[in-house]
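Below you'll find the structure, written out as structure tokens, and then a few comments.
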Amino acid sequence: MTGRKDESLTDLSLLGNQDTKYSFDYTPEVLETFDNQHPNRDYYVKFNCPEFTTLCPKTHQPDFGTVYISYIPDEKMVESKSLKLYLFSFRNHGDFHEDSMNIIMNDLIDLMNPRYIEVWGKFTPRGGISIDPYCNYGRPGTKFEKMAEHRMMNHDMYPEKIDNR
Amino acid sequence: MTGRKDESLTDLSLLGNQDTKYSFDYTPEVLETFDNQHPNRDYYVKFNCPEFTTLCPKTHQPDFGTVYISYIPDEKMVESKSLKLYLFSFRNHGDFHEDSMNIIMNDLIDLMNPRYIEVWGKFTPRGGISIDPYCNYGRPGTKFEKMAEHRMMNHDMYPEKIDNR
Amino acid sequence: MTGRKDESLTDLSLLGNQDTKYSFDYTPEVLETFDNQHPNRDYYVKFNCPEFTTLCPKTHQPDFGTVYISYIPDEKMVESKSLKLYLFSFRNHGDFHEDSMNIIMNDLIDLMNPRYIEVWGKFTPRGGISIDPYCNYGRPGTKFEKMAEHRMMNHDMYPEKIDNR
Amino acid sequence: MTGRKDESLTDLSLLGNQDTKYSFDYTPEVLETFDNQHPNRDYYVKFNCPEFTTLCPKTHQPDFGTVYISYIPDEKMVESKSLKLYLFSFRNHGDFHEDSMNIIMNDLIDLMNPRYIEVWGKFTPRGGISIDPYCNYGRPGTKFEKMAEHRMMNHDMYPEKIDNR
Amino acid sequence: MTGRKDESLTDLSLLGNQDTKYSFDYTPEVLETFDNQHPNRDYYVKFNCPEFTTLCPKTHQPDFGTVYISYIPDEKMVESKSLKLYLFSFRNHGDFHEDSMNIIMNDLIDLMNPRYIEVWGKFTPRGGISIDPYCNYGRPGTKFEKMAEHRMMNHDMYPEKIDNR
Amino acid sequence: MTGRKDESLTDLSLLGNQDTKYSFDYTPEVLETFDNQHPNRDYYVKFNCPEFTTLCPKTHQPDFGTVYISYIPDEKMVESKSLKLYLFSFRNHGDFHEDSMNIIMNDLIDLMNPRYIEVWGKFTPRGGISIDPYCNYGRPGTKFEKMAEHRMMNHDMYPEKIDNR
Amino acid sequence: MTGRKDESLTDLSLLGNQDTKYSFDYTPEVLETFDNQHPNRDYYVKFNCPEFTTLCPKTHQPDFGTVYISYIPDEKMVESKSLKLYLFSFRNHGDFHEDSMNIIMNDLIDLMNPRYIEVWGKFTPRGGISIDPYCNYGRPGTKFEKMAEHRMMNHDMYPEKIDNR
Amino acid sequence: MTGRKDESLTDLSLLGNQDTKYSFDYTPEVLETFDNQHPNRDYYVKFNCPEFTTLCPKTHQPDFGTVYISYIPDEKMVESKSLKLYLFSFRNHGDFHEDSMNIIMNDLIDLMNPRYIEVWGKFTPRGGISIDPYCNYGRPGTKFEKMAEHRMMNHDMYPEKIDNR
Amino acid sequence: MTGRKDESLTDLSLLGNQDTKYSFDYTPEVLETFDNQHPNRDYYVKFNCPEFTTLCPKTHQPDFGTVYISYIPDEKMVESKSLKLYLFSFRNHGDFHEDSMNIIMNDLIDLMNPRYIEVWGKFTPRGGISIDPYCNYGRPGTKFEKMAEHRMMNHDMYPEKIDNR
Amino acid sequence: MTGRKDESLTDLSLLGNQDTKYSFDYTPEVLETFDNQHPNRDYYVKFNCPEFTTLCPKTHQPDFGTVYISYIPDEKMVESKSLKLYLFSFRNHGDFHEDSMNIIMNDLIDLMNPRYIEVWGKFTPRGGISIDPYCNYGRPGTKFEKMAEHRMMNHDMYPEKIDNR
């Protein structure tokens, strides 16, 4: 089999590991990275995460949403199984949707120091209304800071049709 | 449970309160706010509100629509249950769709003093025609004023397909 | 203009009447009928009513749904504008969804004495769950009674996909 | 070119005729037929007609709908251009939707004496409600009479989702 | 009932009027306006009109389409029932689709003197091809003139999927 | 307000109660009922529950699915808020999907003794494959037992398109 | 590679053959078969053929449609590349849609002597109307003859939505 | 955690095992079962498998499809990870689509001895035509044999729309 | 009938002409124009052409696609029936998809000398891959040249989902 | 037959060749080109490739995705059958999705030296999360380099809805 060699993957403790522990309390330290093999190029990686659930901080009832994470890597890239475990760790965590999305983005910035990143949550309704927060970040002092402003300015001009069914 | 603490939520009188009163006359004073925990960052919060209904000012028959509200908070953020009650209070209120959307935006500007906000209503047809008003606002004298102009200029260039079925 | 003559429509007080009163309290007496011109044939008439709203009997908050009514007329047929006014009259009425659908069907049976009728309500979610009641009726002692049983036995074997968005 | 020969088509006065007259008053006599070349076999022909428009008999405003016609031919088959002209002739005709569908079916029975036929109209909403009549017919005393009953009993058990958008 | 008062609506002769006359010959004078209550703000009003029908100027056969009209009002706003009657008046009018869309826009500019307006028609196929004209206008010498150029430059870069079914 | 009276609702301890406790361990005793007001009629009630989550019994990782529950009540009907709490109680419960669906149906039979009931779960994929169990029940010795057999025989003959996106 | 051996495929002259000739005149003799390896079992094979085109027998203009062919094999099965060539051979053939579908079914019955077969054509509109013929066949004197009657009786009770866009 | 206990799962060698071997040659012996805990009830389990790929037996080029498997268990149930590995083992296997579906069903009958089972493959097009085989089985001499005949007779009467895009 | 007068249409030899000849060899000279009645305004005309078919230049097998043509007229506009005949003339023409789209655009530039034009073809798959070429043109030395560059730079940033079904 | 002549196609060894070898190990040398006949014009060619499959470099299990490739040619254009064989050669190749997309783009740049190119992969989920990498390239020192930056800055601002079903 051609392609990525096992030796370049030795830092990954979770991918393919059968003894995975699932923590359901907020656990940012579970996140792991691997090296970007194309650091001389700007490119996007997007994660579609439709199985996100957390708790309402006041009523403690479960909330459900889909999280879309998109970033341009610098030297480090988040490994997807560790990202899955990280998102699972919000399962018994209580926060407003607006806060969760900002926290996820903050943790991924700390982990990878990406050139650019954005996080968009789309939640199911409570009381007939659903909430969809969106935040982004471009590394300060670079063209990616302008990119973040540009994308904020043009964000979501075609809101998807929502009829609660 | 990690996350937002109850003490930061004591100003919220409606969320999780079983004695909620439902007013069906226009009641902007029902709106409540909580503090933005990420004020150093521009980010969007969108509310999808498909259960909006009001009355025709002339014939008094009910109208139905979906309202999409999207804003960039400054220091205050509208609490979603109070927003629900506010929107319910249009139930027996009579106004043209164009007026309702402007009034909702005005009330939310008064409440939160947001950096940016937009409100888009999409109504069901009367006489074979449906009406979809859209208004927006950027805080005067800031980059958000330009953002509002930019988004107005590029608004809805792909009108959704409507066949009244 | 060929077609139905005005003289056959003189019993209709609401269709085309500009002085329509909109009652928002349960008012079954607003319903009107006209004569079936094809009584020697069994055929269906379906009403699609996506603008139905009522109140929760316990919390008094508004609920929203779509009501599908389908019937085989005998001698009388319900006039659609009076049906609209009748459905509007649930606007400030409090009942469980299961009850509303049965009440609508009972009222239409009383009004028209149809050969067959069915009523299906599909509501927006509360607490992440939505409720869809379905009832039907065939005139006792006729083949339509068997028809009702047959349709109940084969009802909704392909529930529509619901994701609350 | 292989296939149907021109000589078998000489009865068709409308297909490919550039001097077509468009009558907008009800004109059943415009309908034409050609011979069924497979009379020993039961098979269906369906016409999808999304450009049907007529007038309200009371308010005289235009109504719009899609008509689906499906039949099993016996010896005669309706030619599709003549069907188009026939449907156009309802353009300034005033009738309830329930009547129009029955009239169309009656005229096609008179024209073709089919083994089986059904007509389903689906109209755009007026006052938030849309009406969809359905009628059918099987030749009396044949298995097609039972077929009509069977299809009436199982008609439309999955009403399409209608949200007036 | 709170909201628009009847006294501000006295100029509207058609809304809620049961004696509506339906002209099926091109009648631009039926259009009526009411006052914009938010003239200090740029905002959009969109009309979705899926029941537009006209005649081919050469063959005189009916054509069918959906018209999307979107504008930023100045002092006057078109009342929607009068718009409905105006569009109905194309019913027996013969013009190419390209001409109809320009004529509608010209008439609405004459009526309202809007800051910005655009009209997009999407028609059903003839001979396997369908035609969708789009025109727009920004008041000369204002920023809206540039807006019109900008929107023309970026128009319809994602043509909707059309398969004639 | 007309409709169901509060006195008929006094047995409901959860609906509208702000002190709701959310248990995330399997808790069938949270289920509550109210009286069927139309016991002389067979009719369906369907619950759409797209926010169901449980744990894999072997790997303990979360699973996600939508549960559709449909039943014909006898004397008792399950209250929807208690159903929500019951479904939430699977959150930290470990079972195969096939088992969960059977357990839910068993618990609802014990609670309500319905005439007929069916439960269909549709889960998100693991390893590229998703699992959708379906079970049903008709009261033994009644026509509903035959109904269950009939519906099992005709179940899901049009599997929905699944592409894991 | 496990699976079907080349020796069992020696009768197939077209599959994988680079010297394929494309005839655009009706050529039923191009059809080829291979042996059914599961003749003791009834099972379906369906062909989806969205690239069917033929000519109008009167105006000679091209028509376009999708053909769905579904059958239960007996001893012979039609090879799909030969089926493609056969369908291509209608390209310059002139016939009514009703005739083409019957001819295709007749040719496949002659070729394979199947237990059961059905052919459904769905064509693009001409003059605003589209035509969808459907025919089927069960081997006379077997249970498949009844199957054909049963499927004819239950054919297409949910006509797909057609709006010519 | 409540639910299935580990001790009842000890026969499963693959679920949660990190040393999984992926065979890409036909390997039916990889299939494993666990015990049905509800053997006194008829219920369905469906597997949606959109990642199926095999090779053409004559040209050896890859083919792609989605396989839907649905069965009523008796005492044994197939474990889903072993099913995944089994389906992967067709990756370098060459067979006609009609054969693959029959083979999969035969292997699952041998493994589980189910009361009822059906397998439906839907493949991507080659030469503009796609092939969808369907087979089923009911245990001989039981009501499930009749069930298989009944479902064969009513199979796929609404073929999904295929346009190769 | 108001609207375009016959005298302005005398140059059109094909529209409404029953003696239309259908050439299936590349015939650009069939194209006809009429005068633009709104030359002082920039506006778009789009043709949706889902019935395009041509031959592979190497294997000579038929290919199928949809062609979207959009342009801003100057003085001349292409008449749609002549466009239909022109596109039909590719029926027996052999070229790569990339070449056909460029040829169509070149011919329409020669015919109309438009201010701006673009042509987008979307074809059905061969060998599991489909090809979609897009070309555009703005009149050199005008703002439309920049428009073409701008639209090329922003072309198709949201490729439609293609799954070959 | 008019169009591309065979002599201009003599460099193509694969198109229409029945002796095609299918390599399932990474084989970039299989790629072939033909000459761009419109080199004086910038235009796009897009390939939709929904049948892409590769292996996980760590667990060796198969992954599945759709690859969208879009480019502006200079002198050379990639022939689509050779592209198909090239993509098939990833079948037994192990790499992260992020690497595969970059490798495909690098190989096509080496092959064609295009003015602009972009590659977007959209994969099915593993562990509930799916990954979609996107990379692009504009020839350095030309306007296409800016084009690449512009498209990166505006990439995917409307992520498609993903629910893993």
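Here the chain labels run A, B, C, D, E, F, G, H, I and J in written order, and each chain numbers its own residues starting at 1.
To be clear about the criterion, contacts are C-beta pairs under 8 Å (C-beta built on N, C-alpha and C of every residue); 3 or more make two chains touch, one makes a residue touch a chain.
Labels paired with UniProt names: A, B, C, D, E, F, G, H, I, J = NADPH-dependent 7-cyano-7-deazaguanine reductase.
This one's a predicted model, so the numbers in the text were calculated from it and none came from an experiment.
**Student:** Could you compare the number of C-beta pairs in contact for A-F with that for I-J and name the larger?
**Tutor:** I-J
**Student:** Select the interface copy of A-B from among G-I, A-F or F-H: the correct pair shares over half of its contact pairs, counted by residue number.
**Tutor:** Checking each pair in G-I, A-F or F-H, only one repeats A-B, namely F-H.
**Student:** Could you tell me the distance, in whole angstrom, between the mean C-alpha positions of subunit C and subunit H?
**Tutor:** Here subunit C and subunit H have centroids separated by 44 Å.
**Student:** Based only on mean CA positions, could you tell me how far subunit G sits from subunit H in angstrom?
**Tutor:** About 27 Å, centre to centre.
**Student:** I'd like the Å distance between the centres of subunit F and subunit J, where a centre is the mean of that chain's Cα atoms.
**Tutor:** Whole-Å distance between the two chain centres: 47.
**Student:** Which whole number of Å gives the spacing of the CA centres of subunit F and subunit I?
**Tutor:** Taking the mean C-alpha position of each chain, the two centres sit 55 Å apart.
**Student:** For subunit A, what residues touch not just one other chain but two or more?
**Tutor:** As it turns out, subunit A has residues touching two or more other chains at 16, 50-51, 55, 59-61, 64, 92, 124-128, 130, 154-156, 158, 160-165.
**Student:** So in the complex, which bits of subunit A are touching subunit F?
**Tutor:** Listed in rising order, the residues are 20, 22, 24, 50-51, 53, 55, 59-62, 64, 88, 91-92, 124.
**Student:** Report the residues of subunit G in contact with subunit D in the complex, numbered from low to high.
**Tutor:** 25-26, 54-55, 57-60, 92-96, 98-99, 101-102, 125-137, 149, 152-159, 161-164
**Student:** Which residues of subunit E touch subunit G in their complex?
**Tutor:** Within the complex, subunit E contacts subunit G at residues 61-62, 64, 122, 124-128, 130, 160, 162-165.
**Student:** Inside the complex, what are the residues of subunit H that reach subunit F?
**Tutor:** Checking each residue of subunit H against subunit F gives 1-6, 9, 12, 15-16, 34, 36-38, 41-51, 66, 68, 70, 72, 77, 80-81, 83-84, 87, 120, 147, 150-151, 154-156, 158, 160.
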